[in-house]
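One chain, subunit A, appears in both complexes that follow, with subunit B as partner in the first and subunit C in the second.
The block that comes next holds the complex of A and B.
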């Protein structure tokens, strides 16, 4: 490894290229990117400053690689989105241009620029310039670094044995990758075990589970752990040390086991929304049930079986109410315990409701079926058919507005001893007329809520979105990856999806995980401590701060023929926290990639007197 | 007319927690002042006291250290950082630099509200305090350096002042 000597900093003028991304308007609608480029050209060391519509696109990256050659650039800055999205992308582009990938800096002018200062374009423009100045300043002290290469353990862990987890495991094992599938319950199949026939094909849900189960059983690379939980995780992509607890082994006693894993797929699924006690009389009257409860009731009901009877009540009429626990409105709906409401559409409930209404009507032709919706969102292929067929079968539709929630009261029914549910609402298919319905049963088409996985969120530092679901890096460009490297998402852990979408996501996650195993090694950023032998005076302060055994030690060494004591870092054991850096009397120890002189230079960039910045803000 | 004072705020945000937290604010399209600059850092434990004072000497009016708190991925780092910031505030107090200019807090990856509250409050405090006394900060920076560095080493290690 090279010894860095910052006291003899290379005084050859750097040649820095600066690339400013419009992000298709995400940045340039707020930040005056042409102005930023113009000013950037005057920052000492900058020889090229260009604007591109999408720096991350192939043409954008090629511009950078080609400029490195043509303009003899030796350092590059890209000012674009968060480094968590494209720092790696641009390190790759820089490398393809022939430069060391660590002679690259990223300026985050979208998440921390245009998006955060939308109503302050002048301020956002000036800030972008200063952020570029900081990045340029940092680069003046950057040195080429080599990545740390560690073995990639060719084994995947899938957490959650529902349809998504089963699909991921089957796909991975099908490509020859050993898989550990961990399920917290005693049975694979997850929510599908609760459902009957599933849209849009009306396939029995159990059939899908059985097919996947056969694939898993047939592949010796799949190891299934039931009634087990992941309780701890350490390490990083390529080498996670995972602790699993459960009744392992033949004795069935609770034991814990550790295993090394290269990539992890989260397939923990969702929870159906559970209405509050009394919400639409739920749990106050037995005739009010949720959609999962209704599906359970309909299971095994034969066509022509006469009348539908539930808890002693003959059901002659049913109303289905859409959007329970979905598309909630601030100030109209009561927040949950965490203070949030569910503003999102749960996507699956409309088609499910129509499918179930139709099934009820087909099995019990004399049944009166009503449908109360805000909108009908049968968006998928084949979903609209249920709408058409339900209408033809005589399901009566009403449309309410989200801020005028239908009222449900208990009333005397037509039959002695059998109360009815009295529903009052304004119907906007008839110009907002107030209507009432009396029904024997009300089915609440409940939405999807994020799974209850606080331990996993904590353990893996999973990014949680505003809707409580786990958030992908980018909804379009990187839909199954998250900010935790080596951990992928499959299915409804990420948000409401129907079974088709869940399986698509699971297939994508399996492909992404497979791709991680194309290499035998995982390359990690070389951000570990390093000692400058010319500056180290052997105070030993750094050693006293280090919490990691063997990461740093004092050694006898020869300097100019004299034997001296100096600090020496073991890069394999150093975790790169920097605790040692702060205490060195001579600033002899630094974190590669995060040197103190780089931070000083960044602060100088942020505070520099750039005349053009003032002009940009005026 | 005297131009209105806009404080320059530096947020030292941990790569694992606060930096994605700051990103989350932008992703949610929530806004804060463009006078707030975020630098990414593995752990702020790496900064010696003189680094912070140098920031003030260069015209940073306030510093928010947005750490991981109990979620810190590095053993013992948060406690060491907290101890250092205690020491720093003691020196600032003794030497007459307003300690409201530094604040240590924990911001998580989804702590949008906490982030907005912290930068907003620091901004308000700095508006009341006015610009930092850069010369005084430079003097204290030198005091901190001398404390950290044995006299013999100072001459060799003192960077060329810019």
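The block that comes next holds the complex of A and C.
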């Protein structure tokens, strides 16, 4: 057992309160919480142990705050759900009671107790008691900690100048924050520049771009860098040092510049699924095109003759095929180069397809239009209207099953003007009958794929989901934040979204960035490594082991008038992983809040001879 | 006697304390603005706090709603006005003047300490509205376990004024003569987050919901499945039997022009799948069937969630339930048409519990209380394509299901966007001479005319 002395408790015994949550029944249906409370009262140092239906609720939190005062508690354990959900909640309650918020420990007796041991109530109860004993043990060695406060540079960087990036920039500048908007192409607007009209209003896509451009142009706080790329990033939330490369000088020659940024918004967008050569005869027959190609075709058809002509061929019949590159099934679809299939729904293709099918039918009334789908997912406001109108306009619908992919072949007709494509499929609107269609054109409603941004992913250590999109921390609680502090997500970098949803996501990202700039400092958790100057012999093992650039470094320093090399932690970059702690030959490094003596105490708590545990188990 | 009208100044007034209102309020408050949330119910939390678990993460709804509720309640920039309805929103200059009425709860919120002694003393019980009638609640009670604020509310429809609660109350908070109070709030901006309601279970008479207790609302199923469920397990309402064959009838109040709801309600496919999954956990022996037209599993992780449900053995039958008839033993006979199977295109299937996917309607008719325009669907109109949370009125924004059906993920995202739009609006108004528009850092002033000043913390205590 480590013998580090906790001077704070030389003169008095700790007074620890333990609060055990029923979590409605999530915990108490399995764990005997009253028993846990009873036993907890016998753990040395514990003066109060109470059970509450929802500790996180207001009365639950108030009980804690009030007990701190009434029972003169100096430390608190809450045994409830994962700290991921409620650690901050209870720190707040502890703070309101007048204690340092870090004199608080969380025992996860739900995910690691009642949920993990559903069929072993006695075992779950005994384990819960031991987890509380470990938390109590750790708390005996806890010291008050303060959040790390770092300077916050009042400037935001938005990467990507599509609709999402433009909206974030307009929002942030519109509330007074300087914004640097970096776009890799020569033009703002992104994919919208290739679009014709956006649903559900059928507003010309160009209007949206123009409107946002006007907001950006009118605001002197916005700096736009076109044809530029972010090539390097250093630093941390509040002060990222970002390197940008591009034709920055007046001569237009390629050069690079560095700037300091407080918060970064990733708005790099998506790329459309590109079918493999030969997939549904794509690139084998000119009549097979993707939705973006069809939209491009339609953009040129606003006026003119009454016939749709494509590559010299008159198009009299079109089939739209849904779910190309989306909702793929293992064993049915061919994986991409990375071995993955796109199991997800791309969200926007159904409404886009119906909008475009309807537009084609309205523009060319004699056109025969077919729609082959699995489900029609016109879920959004005004979307269902396209489905109803397309049906009324004479679009003919067929329904296939995802595991029975329609087959596309070249039609036998050799004569010019005859349909070139022969589609065979089982239609479940006619109870699985095998049907064939001969059409002049097949439009593949391709899905959305994650953008191709490996450099940015590496640079920022962005978390990538199974679907290759960037993964948010929690889809409901924190939908635009990621595990990298100070970096936010806006739009389809995160997953498929339509324009309206993209704009909302951009607004949500902007509001989080906006809140970050409320203060001129950023406050971070104090759980970082700390070097004991008396013990550090300058071995440098910690620097070798550290995976976070610049988080720990060797510096020259004066000890007793002599110049020595010692390790120093950069608290902005340290993530508190503990790798340096493990390799230090002189045990000179500790993690604040997770010191070695605290681990020892936790192990003691877990293995302690608590008589009542035995009783609970038996 | 005419109650004294109190004047309150704030930066932002949020109509509705559901998840949309809470998120918008938090995002405004985190940017340094003073926010008042006006909630007609006795607790914030809205519909979300009553749900069981949420798709596609299967987080327990209480567990992820309470931290947001609690964060709002404890935020130094947020004040809650519960039991309060918005009467009128009027634009005055570049600001908004809102009149609100706090309903009589017959308990002085300033004195109530949430000890529940009144509740324990009360001898009258009625159907608990939070449990949708599945359980009972006392005529004076704290509305539900994790309600915020924890203040008792007396229901005059059931109270017999026997005096037991008043005698039990240690702080003398019971006030049988309490009157509604009207306030005028001067706000720089308003966020409408008034949420949704479901259309009637009986909107389609051919489903016979009025005749059978076992044709239930999805919100009732949420309560049956909640971790702190009224019965602790899933029992059907008519006779308390454990159901063995449960049907989900999709689009039972949506996508149907004949009932005035031609649009998709957007969340029903996913909650039906979620409820089916939770049911198959709670009732491993039960048959669970979802009757649907299209499965709209469009969001991130939703399609995979749907495929998991199929793999779990939940029956998905594409077809339209034409009518529902009563069958012996309180069961129901479903007439299903246009299925995918040639051998059996029209079939009859017996189930002992049926959940109707009711359609989403707006909870609150904004046109009756403001000059806000509504779309043909009745929800708040969003005329600006580059700013979906903007309304037809500058300075008033919408969040969540007030502007159309939305799931929780999209609601939370849009609530952030709404707060950003409101933030930008306030920034533009900064420096304006109009006293109705506070600047960024303006403090909330609660001036009770003729009675001096109320301090902010008192206002919070008072549940204002």
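Quick note on the criterion: the second predicted complex is superposed on the first by the 401 of 618 C-alpha atoms of A that agree within 3 Å, B and C clash if a C-alpha of one lies under 4 Å from a C-alpha of the other, contacts with A are read in each partner's own complex, and residues count from 1 in each chain.
The rule is short, and it goes like this: contacts are C-beta pairs under 8 Å (C-beta built on N, C-alpha and C of every residue); 3 or more make two chains touch, one makes a residue touch a chain.
Keep in mind that what you see is a predicted model, and the values were worked out from it rather than measured.
Of the two partners subunit B and subunit C, more subunit A residues are in touch with C. When the two structures are aligned on the shared chain, A:515 is found in touch with subunit C, with no touch to subunit B.
In the superposition on chain A, contact of A:421 is made with neither subunit B nor subunit C. When both complexes are overlaid on chain A, the residue A:537 reaches subunit B alone and has no touch with subunit C.
When the shared chain is aligned, subunit C comes close enough to touch A:56, but subunit B does not.
Using the contact criterion defined above for the overlaid structures, shared-chain residue A:233 touches neither subunit B nor subunit C, since it reaches no partner.
Applying the stated contact rule after C-alpha superposition, one finds that A:156 touches neither subunit B nor subunit C.
Of the two partner chains, neither subunit B nor subunit C is touched by A:216. Across the interface of their complex, subunit A is touched by residues 8, 10, 16, 20, 22-35, 37-43, 45-49, 51, 54-55, 58-60, 71, 74-77, 80, 84, 109-110, 148-150, 153, 156-157, 159, 162 of subunit B.
The touching residues of subunit C, when paired with subunit A in their complex, are 27, 30-32, 54, 56-57, 59-60, 62-64, 66-71, 73-74, 114, 145-150, 226-229, 232, 255, 257, 262-264, 266, 294-304, 307, 318, 340-342, 345, 375, 377, 379, 382, 385-389, 403-405, 408-410, 412-421, 423-424, 427-428. Residue ranges of subunit A in contact with subunit C, taken from their complex: 23-26, 29, 53-54, 56-59, 61-62, 81, 85-86, 88-89, 92, 96, 167, 171, 174-176, 198, 201, 203, 207-208, 211-212, 327, 343-345, 347, 375-385, 388, 428, 431-433, 467, 469, 474-477, 479-480, 494-496, 499-501, 503-512, 514-515, 518.
Interface of subunit A with subunit B (complex): residues 82-84, 108, 110-113, 115-120, 123-124, 126-127, 130-131, 134, 461, 463-466, 483, 527, 535, 537, 539, 545, 547-548, 575-579, 581-587, 591, 594, 596-597, 599-600, 602-604, 606-607.
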